[in-house]
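Shared chain: subunit A. Partners: subunit B in the first complex, subunit C in the second.
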Partner chain A sequence: MSRWEVFKQDAPGKPHQAVGSVHATDARHALINAAHVFVRRPAAASLWVAHASAIFSRTRQELAAQELSTVDRVDPAATAAPGAPLEPYEVFRKSSNRRSMTFADHVGTVEASSAAHALELALAEPTADTALAWWIVPTAAIAASDPADAPAWFEPARDKLYKQQSQYGSGPTPTVRRADP
Partner chain B sequence: MTTDATPTGSLLAALVERVTAHADDELVLGHRDAEWTGHAPLLEEDIALANLAQDEIGHAITWYGVRSGLDGSDPDRLVYFRGADEYRSSHLVALPRGDWAFTMLRQYLFDAYETELLARLARSSYQPLAQAAVKIAREELFHLRHSQLWLERLAYGTDESRARLEDALAAAWPLLPQLLAPMPGDAELVAAGMWPAPVEVGSATVDRVTGTLTALGLRAPPLADGQVVERHVRQPPELGELLSVLQSVARADPEAQAW
Partner chain C sequence: MDRTEDDAALAEFEARIAAGEKIEPGDWMPDAYRHQLIRMIGQHAHSEIVGMLPEGAWIGSAPSLRRKLILVAKVQDEAGHGQYLYHAAETLGASREEMTEALLAGRAKYSSVFNYPTLTWADVGMIGWLVDGAAIRNQLMLAQCSYGPYSRAMVRICSEETFHHKQGREMIVLYASGTPSQRQMAQDALDRWWWPSLMMLGPHDADSPNTPQLVRWGIKTKTNDEVRREFVNEHVPELQAAGLTIPDPAMERDEVTGDWRHGPIDWDEFWSVVKGNGPCNAERIAARTKAHEEGRWVRDALAAFEAGRSAAGARA
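Up next, the complex of A and B:
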């Protein structure tokens, strides 16, 4: 078992967002576990998973400390030689500290020779300086849920009743209410 | 022809038995799944089993609701105050949860059966049944994907995982015919287009399951031919033990309105 990062899309046209991680034996297992863990509540249209080792991440602080040149401990793609062939990378960006349930949003795809190169391209975008953190993932490392599975994986959650925490009683001692005699 | 008019007489009695049997299967299997809460091999599977349990029990509520529409019965009374021998669930779902391999194999067998059943029940002439089948079939497909995925990983995991899967198959397989067995009023239900022919659902289930097992290099023993198998036989002691837990709170204070 190893760790996989999960990206959930709430509705078609919305960005996939990093929502957390699951343990799994492989990508298909990770997708199933992601559906169990993150799609129990309404609003999902698609899931992506990527092995945790495939994520190249940098925070604003790390970038400020000029750590971009530091080799990521697990991602050999980050050090691909200059002139290496271009391949697609997905770029995710964290833009707010106010969210509790999601981390980074998918903002686009770039063709790059390495994850570090992909980040350089992302940093060249006009609004890049507002980002708090970046995740770069090779497109080839992402496994996506099958659109044909959407009715079975995502639709049932829309009809499920669930109680908010506040709907459960929380008195100091449990009481049993009886029917009137 | 389809109808939402309530059948009468022997047809009504037969339909009540069938719907109850299926509701009981879902409830009992859901309860066995729920017994993994806090015990599954990893957190994600703990959550997955809790989800499966909620789904199966949710389906049971739907089927008890269909029965309620037929005879006005109260689902809570049926669940909490019937004795084991009044239950119509199959022996397969009553067995204790066993190890992970048994839980996943049993779940797979039931998911495969339910997938074949619901595909046909969706064409039932009794509208409330057809509507419930369409809705539940969607979710069952996801259950089937999950349990089948585990069969593959157990079969190709380690020597131990494969041995456990083979043991699970040896324990569960002989109970499959009873899950697929006809009930006394079936002929009338089938003639009225209300319930699919058990022999058809059964052979489709066996074909599906055998295909999966063969692809994994597992040999399903031939199912005993000519042996009389019935749904209506004495329940195994395991069901009584399960119900004593499931019903204990409700029976402790039958008048309670809320806890």
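Up next, the complex of A and C:
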């Protein structure tokens, strides 16, 4: 078994967000494990998984170090191969150090000749300066949950109200009712 | 990296943490930071997994369907929390297989508190109220941790675990206001779990020589004694309001600071349990080993399935 990264979408129209990983033998197995591990609470509309080896990852610090080192070293992966066919890549970005339970958000799709090329294109976007970390994943490497499975996978969590802290009052107060001894 | 580059990298690293930035996988970090985190996150993950055992033992004896649903969901959550944490450790280069092996071989620790037995159903409620209450205090602190993946796992765990705490409190408050025998059951459970809950937050600051560096690197954002004080201040008034007696004759409120001050903790007991001599250490590891061995055929079948697919792919 190997590691698959999991992306959860809380509601239609919201971005898929990196939530963590599961171990699995293949994409289908990874999706089933992801549903068990990351959808024990409501607010899931779709899951994506991608094998950890398919993810091209760079932090802001790594990019800064790369810029410094290009003086004497050209990163071969960073150069778009001329004439190479373009393929779609999904771009995920972390933009804030705020308290959060998710890592990078899906921000779009680019056509590129390599993951590094896709990152160059993403870095050219006007809002790229705020990014703290990037993940680039070939679209072909992502497996999505089947919309037909959504009722069985995502809806039961909505009815399990006993998992909601709001079901349990705010605790004892000095006026708590007690039976006489 | 030579010495000067290392010093410069360390200075930049500490400046980033001081500025409230998160360190992410791929970023430079000192080896000691990586190793401390792997050790801490691994212990934390193992605690979630071993922590399923004391309460899981009561699933079949839950007194109502509602209580059974709650307990199943809670134990299931602990399994999920273990998964979140193993994931966070993996981002630092640890492997899940190595971590599991270290737990079963006794090289890795888990929380001392799970080496105590659950003697009655009220222990299930008291674990929710006290053990989860202490864990949440610790985890709210760790949610501020400088390492991104650990911090995010903590935020997700706290958001789910608050229900664990509240269901336990609800159950105990109910028993504490019930029949004399129910009240006695709640009091007995408090007598058993109070001190282990204080101990699980770790040795006093004076006996934690690594704490200053852990705090400077943002691995911990509060000391053990600070977290313990928050736990005591939150729980003593609520337990008393429920009509229960804290099993600590020295417990008193400091009129100046408003803090509740507990009596001396029996650290000999704590270290004895940590070193493997608690009431249930052997039983817990035996249960994990049995589960691991009995799951071997599933792992073998998955590996065979994966190998078969690769072979089929190679032929195609």
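Methods note: the second predicted complex is superposed on the first by the 144 of 181 C-alpha atoms of A that agree within 3 Å, B and C clash if a C-alpha of one lies under 4 Å from a C-alpha of the other, contacts with A are read in each partner's own complex, and residues count from 1 in each chain.
Just so we're on the same page, a residue touches a chain if its C-beta (ideal position, glycine included) is under 8 Å from a C-beta of that chain, and two chains touch if they have at least 3 such contacts.
Note that the coordinates shown come from a computational prediction; the quantities given were computed from them, not determined experimentally.
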First (subunit B), second (subunit C), both or neither touched by A:Pro85: neither
Contacts of A:Ala152 with subunit B and subunit C, given as first, second, both or neither: first
Partner chain in contact with A:Thr25 - subunit B first, subunit C second, else both or neither: both
Partner chain(s) touched by A:Pro12 [first = subunit B, second = subunit C, both, neither]: neither
First (subunit B), second (subunit C), both or neither touched by A:Met1: both
First (subunit B), second (subunit C), both or neither touched by A:Pro126: neither
In the superposition, subunit B vs subunit C on subunit A residues touched: C
Touched partner set for A:Ser100, first subunit B, second subunit C, both or neither: second
Which superposed partner A:Arg40 touches (first subunit B, second subunit C, both, neither): both
Residues of subunit A that lie at the interface with subunit B and also at the interface with subunit C: 1, 22-23, 25, 29, 36-37, 40, 160, 174, 176-179
Contacting residues of subunit A [partner subunit C, same complex]: 1, 3, 19-23, 25-26, 29, 36-38, 40-41, 57-59, 61-62, 94, 97, 99-103, 132-133, 160, 162-165, 167-169, 171-174, 176-179, 181
Subunit B partner contacts - residues on subunit A that touch it in the complex: 1, 22-25, 28-29, 32-33, 35-37, 40, 149, 151-153, 155-156, 159-160, 174, 176-179
Subunit A-touching residues of subunit B, taken from the complex the two chains share: 42-45, 47-48, 51, 55, 58, 135, 138-139, 141-142, 145-146, 149, 153, 253, 255-259
Residues of subunit C that touch subunit A when the two form their complex: 20-22, 24-28, 66, 69-70, 73, 76-77, 80, 83-84, 87-88, 90, 96, 143-144, 148-149, 151-153, 155-156, 159-160, 162-163, 166-167, 169-170, 173, 176-180, 238, 241-243, 299, 302-303, 305-306, 309
